[in-house]
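Naming follows writing order (A, B and C), and every chain is counted from residue 1.
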């Protein structure tokens, strides 16, 4: 890996900082470049299929804070989502704690790993092609999963009944959390339908948190949703106790920009502490803290109309 | 305070940088955690009430740059705002220079301080409950000021005529500028009505600036406003002279994203110099410089329709 | 130049980091201030005129990915744009590779330079006043180019047939990429019409990249455009080969926020690696990498409706 830099001071700081901080001495955001060593770690293998489900955005039919009620004809839809399977697609795997929404499995890896994702299109609902396009990782053209007329191969246009394997490498600069989503010719309706998920990559030597909470901000059926659900009572209730290391994986897709806020907590960015942070479509970040503030707290998008239209949940911290 | 980190390099840099910079060696934004020492500083006490006012968004009735004119029926409304009082609510205090708009008082503290905000609901206009929810500071559940059905206490739902005291602690990571606002059941109309303000917390040993300018970006009556006013001639005229240390407290609430711009000036972020910077609802940042550029300058949101609809003002620098 | 700081650690780190990184120990974004030395470098002189052109947003008449077609009455308009001239406006200069769109010339300078931009208004189409307002550089009031009734001078309101010279200084904190645009009384329609461009300033000792790609995000005729073009096949095809240093100059104007994404590549920000990054009106950043990933890649705004409405292009990397 070579880092672009503009002078010896930038180099000195880069040496201190390792991969994550590069000082752009001239205002440039600086990137990762040629000479990346081959992956040296393990191979992680996942089996993921696009499958039909019936999804209810507001299972309890109400907005507990404002008091509105909703009938199922406004909140339930048939759609296609990513679900995890055991080896060779033997059987579907249940959702993991912290990632129990409409989104696909939370795929885990560590820097240095090669990740093989075997994708099968089981879309018997719309009978459309689908794909998986991964952010944050290194891959060759065939594993891009994005449809470009005249260029793209089978991985960008997996027909119903077909299977394709994406080969991805978690580089040093892949550490963090990233979205994956359909990028086939049916991408537009598919993402609105829930065909997305998160990929979480630990750095070398980084410990896994005690709790990992996926917060996927999107809209469905006109509601503003977290993990495909709207309003307190439907959105995830995340739980931790004092002393736990908690990690929030915040991601967004669609058309909207959001400001993610957790009550009574702050986190440090390179520009100082924040308790509210912008996120736009396909952006993602992870936030970690060791919990020390017991209580029942709201987490929500702070765009008022989003919050009022469902993008709000509860985080309970016990002693 | 313990910082989450992922390796010795991150630690080394964090040690250099102190509180404000944490190197996220694995792409994580890193937070403040358990073991925070108790507040060691002074107790600051404020008295703030929600009171009715008549507010004119465009007092001079015109957009000086485009030439449009507006009659008072389009620009004046009755609303409820936060205003500061002397001890025990004896009498209302006038607005401070640099913070003379619709927003509440600019509350000051220093890291280590405990802040007591005595809040009285004097809403005789709409007769609604109100509250104060503070960003950036540490507090226990009872001082959160946010309405959660079945959980929240009296501080989240202060009825007309009642008083509640919020107890807040300015931690090391509370340094900066933060919004406060209504988070009671009537939050939605109240924030649109102007029930918000700013909290400014100096770091340990940090000197106060010579001028502190509050720039609160919101919309009122369909105008895009700065401190509740629209168009040059109505929005604040901020003034400084060469050699002064000026601080801009930039905050936003509502539904909209903005890009704050000051002509002929730049500021440094961790990603290099900027003269225009995104801000979304409930985000906030402060910008400081020692003034050296005399002239009559525009400051404005650079979203074109916002600028054209009022979100623009003048900053005059004399020699 | 004096940097505002809040303690010795901030100073130490600033010393390491040079101009680009200032640690805001108290959460403040810290700025550049008084005592700026006079420019010590060369004088760069440019001749730029506002001239009428006929512009086609979708020259091939189609959205290659979705298959829609468009007739010229929906895609062609007469407008006024910035174009570069040789000394004393002798003759118009062709567009540079990497900057071949509707936007004006890519103006180059280096920190320390004085930049003289001779601007001539040749708007025979709308017969309106125009100006040039530059971001990122230092100038005196007369070179601001922004119309303020009662204050501004001739440089803010250059009448058809007239010429004005803007004098700008590239300070140390001017390194980076910045927009310039009309800020005269006819600013609003002019920017929508394409009267904007980019200014690229190298740091002291910084090498120019092998390729510099200008990505200007705006909307025209209802299409979401890159450099004034919509859809793959019309937007720029950028090209590089493995080993080249490529630089992306990403800028936006107008009303919309975007998330810029390049497939199969990542870049480092102070908050860790990213492959998608928010940009709002008048914001700008540059991204550099040494290319090492051959393939045919999409670059696009990741706001779904923007991408689907034209804001997408192709980047081809050969071995």
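In the analysis below, a residue touches a chain if its C-beta (ideal position, glycine included) is under 8 Å from a C-beta of that chain, and two chains touch if they have at least 3 such contacts.
What you see is a predicted model; the values in this text were computed from it and never measured.
Participant: What is the set of chains touching both chain B and chain C?
Facilitator: The shared contacts of chain B and chain C, listed by label, come to A.
Participant: Roughly how big is the turn, in degrees to the nearest 5, that lines up chain A with chain C by CA atoms?
Facilitator: Rounded to 5 degrees, the superposing rotation is 120 degrees.
Participant: Could you give the separation in Å between the centres of chain A and chain B, each centre being the mean of its C-alpha atoms?
Facilitator: Roughly 31 Å separates the two chain centres.
Participant: Could you tell me which residues belong to chain C and also touch two or more other chains?
Facilitator: Residues 16, 19-21, 24, 26-29, 175-176, 257, 269-273, 278, 285 of chain C touch two or more partner chains.
Participant: Which part of chain B faces chain C closely enough to touch in the complex?
Facilitator: So the residues of chain B in touch with chain C come to 16-21, 24, 26-29, 64-65, 111, 175-177, 202-203, 205-206, 232, 242-243, 245, 247, 257-259, 261, 263-278, 285-298, 302-305, 308, 314.
Participant: In the complex of these two chains, what residues of chain C are touching chain B?
Facilitator: 2-4, 6-7, 9-10, 12-13, 16, 19-36, 133, 135-136, 138-141, 144, 146-149, 151, 171, 173-176, 178, 185, 188, 191-192, 253-255, 257, 269-273, 278-285
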